[in-house]
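Each structure below is given as structure tokens.
Common to both upcoming complexes is chain A, partnered first by chain B, then by chain C.
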Partner chain A sequence: MTSLSQATYHPLHIGLTGLGGGILIATAIGLATSNRGPFPVSVITVGPFFVTSAYLVAGWVGWKRRPDSRIGLMLLIAGVLYAAENMAPIDWAPLFTISWLTGNFYENVVGHMLLAFPSGRLRNQGERLLVIAFYATGVAGSVIAQMFENPKSVAAILPRNLALITSAPHIGDAINLVTEIAAVPLTAAFVVVMVHHWRDAASTTRRALATVYWAGAVAGGLIVIRNVLDSLGTSFTSSMTWAWLYTVASIAVPIFFLLGLLRLQMTRAALGDLVIELGRDRDVQESLRDALARRLGDPTLQLSYQLPDGSWIDDAGEPIAPPHDVVGRMVRTLESDGARFAALTMDERLREVPEVVDAVAAVAGLAIANDRLRAEVRLQLAEVEASRRRIVGAADAARRKVERDLHDGAQQRLVSLALGLQLLQDHLAHAEDVEGEIQTLQGELRDALAELRELARGLHPTILTEEGLVAAIESLAERSNLPVTLSLSDEDRLPLTIEATAYFVVAEALTNVTKYAQASKISIEVSRNNGILAIHVTDDGVGGARIGAGSGLTGLLDRVAALGGSLRVDSPVEGGTRIHAKLPTT
Partner chain B sequence: MSASESTRSGAIRVVVAEDSALFREGIARILEGVGFDVVAEVGDRDALVAAVTTHEPDVVVTDIRMPPTGTTEGLDAAMTIRETHPETGVMVLSQYVETRHAIRLIENDARGIGYLLKDRVADGKEFTEAVRRVATGGTAIDPEIVERLLGRNREEHELDRLSQREREILAGMAEGRSNQAIADRLFLSARTVETHVGSIFTRLGLEPTPDDHRRVLAVLAYLRSG
Partner chain C sequence: MTVLIVDDHPSFRVQARRLLEEGGFEVIGEAQDGATALEAAAALEPQAILLDIQLPDATGFDVCRSLTAAAKASAVVLVSSRGASDYGNKIFGCGARGFISKADLTARRFAALVEAEA
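Right after this comes the complex of A and B.
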């Protein structure tokens, strides 16, 4: 992105600016010392200083701000030429001659700038021919025609024309006539090319172009009006009013060019926004294309990616032909370590602003590389999350299996045993001592059964599988030895893992409250909203509960996190405890 | 209440459904031991429904968890049998008892419904009497459920003002016992129980009802809501 770097001082620009300044100083000395003087201080004598300064300053600033554009340089050249034209007051013949020959040659440079804006380069052979023809009329009308004009024949006091071939005013007039006639089709061609440029311009360029065309209109208008007035033979072009008009308008021309360049500059400032915008989190590639398209002012912009196997896909992931230049479109490939990984296909007109395209391509490259990294991380994260969910699911399944095994195995066996004892007792109805023994055994069996039942239930309550979360929480509340207020949502079933996690959060919270909180009541709230299952368990106990080592809540935190949810404990000392859990239900 | 009063042809006819053969056999022997006529022993839901159609028993004793899915087949079969054979009592046994299941079983009609923990099978007379009660149109709700509902800690509640005796009588009603059965268990006269029942109903603001089975539902619903 060298085009974005700061400009360095270039001898050419320093030389031109110095030359222009030197000419102004020489002219000032000429004005002060000429034996044709004294010259009155008026817009006619002072105006050229301002116009020249305007060109030089505009050229200097323009070049500084847009070093990649030749417009700044051309403004400097035009400034020097304008200064040279106005060296007439100098008595020293060589400089006077230069002034005599220069004429309005700077106007040709202004015309060139109009066609070459904004890069300062012409776009095709036709434009180059047009500009050469334009310069030719300039050279003919200014330089060659003046070689047949003897200043001495205008006024004897004027210095000599060192380039005078022969004093033949009619030849000069003839050449001028020819150039003026040639100017008509040339001007028409200019207008056509400018209109063409306008139509072709990308929206970013168009605003800058509009400003510059104002400069063209002013400059062109001046020339036309001057020529018309001259051919009408009026003396208006010698009047003070015309001098004022001409000077102000002439100053406006370089300023408009500079403004045009600066407007392009602002387009580049907009790239800063693009970097910021692309730097923000974007979930879909789609918006990268949209962002690029908007910034480049090209809604047709296409973003395509090259896969490692060399094939190409568009930003929707559809396979496409490799991007290539076609009429009206240009392709900009994005590379990293010498390997192509993406391409931007855009409106060919964006060639006019190569530095903007460079910057956008660089930013897009960064964004895509960033997206790739993020996608990889997301993929890995998704794998880890999926594995965590599987682990939770597997743990649940294991608990269900153990519960089932207890139910079908130990519990069933014990019940059968109790039943056998009962039968035995019936048979031994008359053996008193045995009966007492059996009753003791039965009592122990009953206790064992009750304990086993609670154990199995704690592992996985069957009602959770059978009836769902709401029923299971109701059952929990029923078993609590504290008053429980319930606020439960609808009974739509959720995936088993989610129901189990929510259930264990409530169960663990209730256990904690019972064990530690010294609470007098509990409220349980379960609600579902926008794909989130929210659980709130609140007590009015002593508070000070924390998720930490040894707390059953730690294991739950992992469970909840594995399902992409969150678990929070608010438990100020003496302020009761609130446990909030949120679980995504999809 | 005795077997001779409630059946026309002597013994109460019963179908036992339980997937564990050992336990099934045990239940059958217990019931036969006190004079029941076990007409069929089956191991899954479909066989149970078929046996009921074939034998039209007085009562069915079924496990809640049976093949094919091992979830609530017994409960589902009970609901089906209620519809197709309203005269057949259903006793559902479970390793765990859930209030919700109890309510679901009796919410339309508590007549001839029982819901007990499996452990009760080893309680001798208690169990066989409960089956008998169900077979003759009565109700039997597991004491654990009633205990749990009664024992629930409530904020400022009418139940707290009941005397111990009144709570025992309320528990008896919730389990589906008749006034006479409650009186027998608590060694009171039926008359005394009746008086207590009247006063409990007034205290709790419940509609008095002469039917035992409707009384069960009312009391359970009350205990559950409070």
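Right after this comes the complex of A and C.
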């Protein structure tokens, strides 16, 4: 943010752009009002305007888009120098002199930019020396050489060279020769450094470098071709064709530099994709680390997490030493509310693209926070599911206990009573009235016992525990008042809770059919497939059943859901009722 | 006819003994769980056994299987305070002569089942 606000109005950039524009206007006026009459409009007179404009626009845009890089500023400087160089046709001696003194300085700036891309800063002392030497040949070739001779080709028709100390063309020739010889090792050194940069660059930077090296190839190619042609003594460099080639190629140079800067910019835009990608549910096969490594083009990237106790673990959960900067690696810590919770250890070369690292760190922070939340939610969900299962299990256990208590308590007493009455009846075989009375009592006792048994069975059917689901459902069907068609797959026993739930689904369905459906027949189907126990209870009754408050089906729905299953009631009016339940068997 | 009564509820054993004895049976022993039942049966060799299904240490079905495995086996009749439908097919797979719900136990019914062919 700070750098952007700095970028909005910076006197240096405005000044340089103004200067470049001013020179262009002055040159235009100079050309139009020349003593020798207006210059003809041709690529030679108009071309420099386009080239200068290309440098100024590229510089301005590049600096706006990449305020942290000095490349934009350098493009502006190169534009001003290019404009200055091309004031040469102007009649006024001081401007003419400045123009010739600036010589081909802009080429030196372009060379400087090649080595300093993308930050605009040279990386080490060696590079600085190389660039200084390069500028020195420029100064020697232009400034010093002009002190001893007039520019050859145009000397006859142009104003006086004010920098001329004494006309000593042999000195100028010697200086030119030296600079031309020096150009060979300098060019070689440039190539070496550029190759080095290429090899060292992170993949994000490499794409931008490729574009810029095209600019280098074009600019360098122009210089080499021009020098070769000049030394061969051909007149091609004075031809219109060359002027066209030179102009177009010169325009291409700043454009390539700008594209290079924008490619870095696009790397930043690609981070938007990363945000989207990481925001989505990542493929389980690809970890956050892999996604980050792929996006940053750094396969060595490491993601580590700091635990609340201060220790560190890696992506796989293994304990590791706290991450720290080592040669070739940089560490970026991720913080939330001032507390460090993770760190990215990556290729040191990514320092070249700080905003990319910033963005990745921000995105990674979000994704990690997101992952943590998700893990937390998953854990809580698992806890809730486990607790629901436990509740169902506990309820079943409680019902089994009540059933046992009924059986061992009240039922046994009633049994004793019944047997006692039986004995009494045997003893009083001849007393008619008493026997009748006892028989009545016995009948009532049997009814009480039967009801108690039914109650106990409703709490928890013994046959389910003893014999399993199929036998228990068969037993239910036997007791039903309606004809029941059964289709049961008899397989291994399932966990008690699942069997009990399935049993109660069938029991509740049968109860509902008997009570409300006015059906003539029922069919029960129980099957197991792929770890799912499916239960279908169908009747041909009046339909209209639904899961609602107070309905026994609601309780069943909860029970089934607690075990991770589903319950559906399909009951159109006058269309019978179908109850479908599915229960996972594991 | 000699009878062994196996049930973990003492009140039921007392009632059943009286019912059967008054019906002409000779109750020669009682047992309150499966292990004791097997020992008593081996020692006393009763002609019939009244066997509760729910014993503290085993199910009456398993005990019945052991009791009826011997060559000279006793006739076993199962009893329970639950109904026959609570046990499904198990009653008919363990070698017992039949099942009587406890509240319906009479000497006559017991005799009928004991005398029935296994």
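Quick note on the criterion: the second predicted complex is superposed on the first by the 426 of 586 C-alpha atoms of A that agree within 3 Å, B and C clash if a C-alpha of one lies under 4 Å from a C-alpha of the other, contacts with A are read in each partner's own complex, and residues count from 1 in each chain.
Assume contacts are C-beta pairs under 8 Å (C-beta built on N, C-alpha and C of every residue); 3 or more make two chains touch, one makes a residue touch a chain.
Everything numeric here is computed off the predicted structure, so don't read it as measured data.
Novice: Would you sort A:320 into first (chain B), second (chain C), both or neither based on which partner it touches?
Specialist: Neither partner.
Novice: With both complexes superposed on chain A, which partner does A:521 reach: first (chain B), second (chain C), both or neither?
Specialist: first
Novice: State whether A:481 touches chain B only (first), chain C only (second), both chains, or neither.
Specialist: First partner only, chain B.
Novice: Is A:449 touching anything from chain B or chain C once the two structures are fitted on A? First, second, both or neither.
Specialist: both
Novice: When the two structures are overlaid on chain A, which partner does A:457 contact: first (chain B), second (chain C), both, or neither?
Specialist: In the superposition, A:457 touches chain B and chain C alike.
Novice: Using the superposition on chain A described above, determine whether A:122 touches chain B (first), chain C (second), both, or neither.
Specialist: neither
Novice: Between chain B (first) and chain C (second), which, if any, makes contact with A:143: first, second, both or neither?
Specialist: Touch partners of A:143: none, neither chain B nor chain C.
Novice: Residues of chain A touched: more by chain B or chain C?
Specialist: B
Novice: Once the two structures are superposed, pull the chain A residues common to the chain B and chain C interfaces.
Specialist: 407-408, 411-412, 415-416, 418-420, 422-423, 426, 445-446, 449-450, 453, 456-457, 461-463, 466-467, 471, 474-475, 478-479
Novice: Touching residues of chain B toward chain A in the complex: what are they?
Specialist: 20, 22-23, 26-27, 29-30, 33, 65, 70-72, 95-96, 98-101, 118-119, 121-124, 148-149, 151-155
Novice: Name, in rising order, each residue of chain A that touches chain C in their complex.
Specialist: 407-408, 411-412, 414-416, 418-420, 422-423, 426, 445-446, 449-450, 453, 456-457, 461-463, 466-467, 471-472, 474-475, 478-479
Novice: Going by the contact rule at the top, pick out the chain A residues touching chain B in the complex.
Specialist: That would be residues 404, 407-408, 411-412, 415-416, 418-423, 425-426, 442, 445-446, 449-450, 453, 456-457, 461-463, 465-467, 471, 474-475, 478-483, 520-521 of chain A.
Novice: Sort out for me which residues of chain C touch chain A in the complex.
Specialist: So the residues of chain C in touch with chain A come to 9, 11-12, 15-16, 18-19, 22-23, 54, 59, 81-83, 85-90, 102-106.
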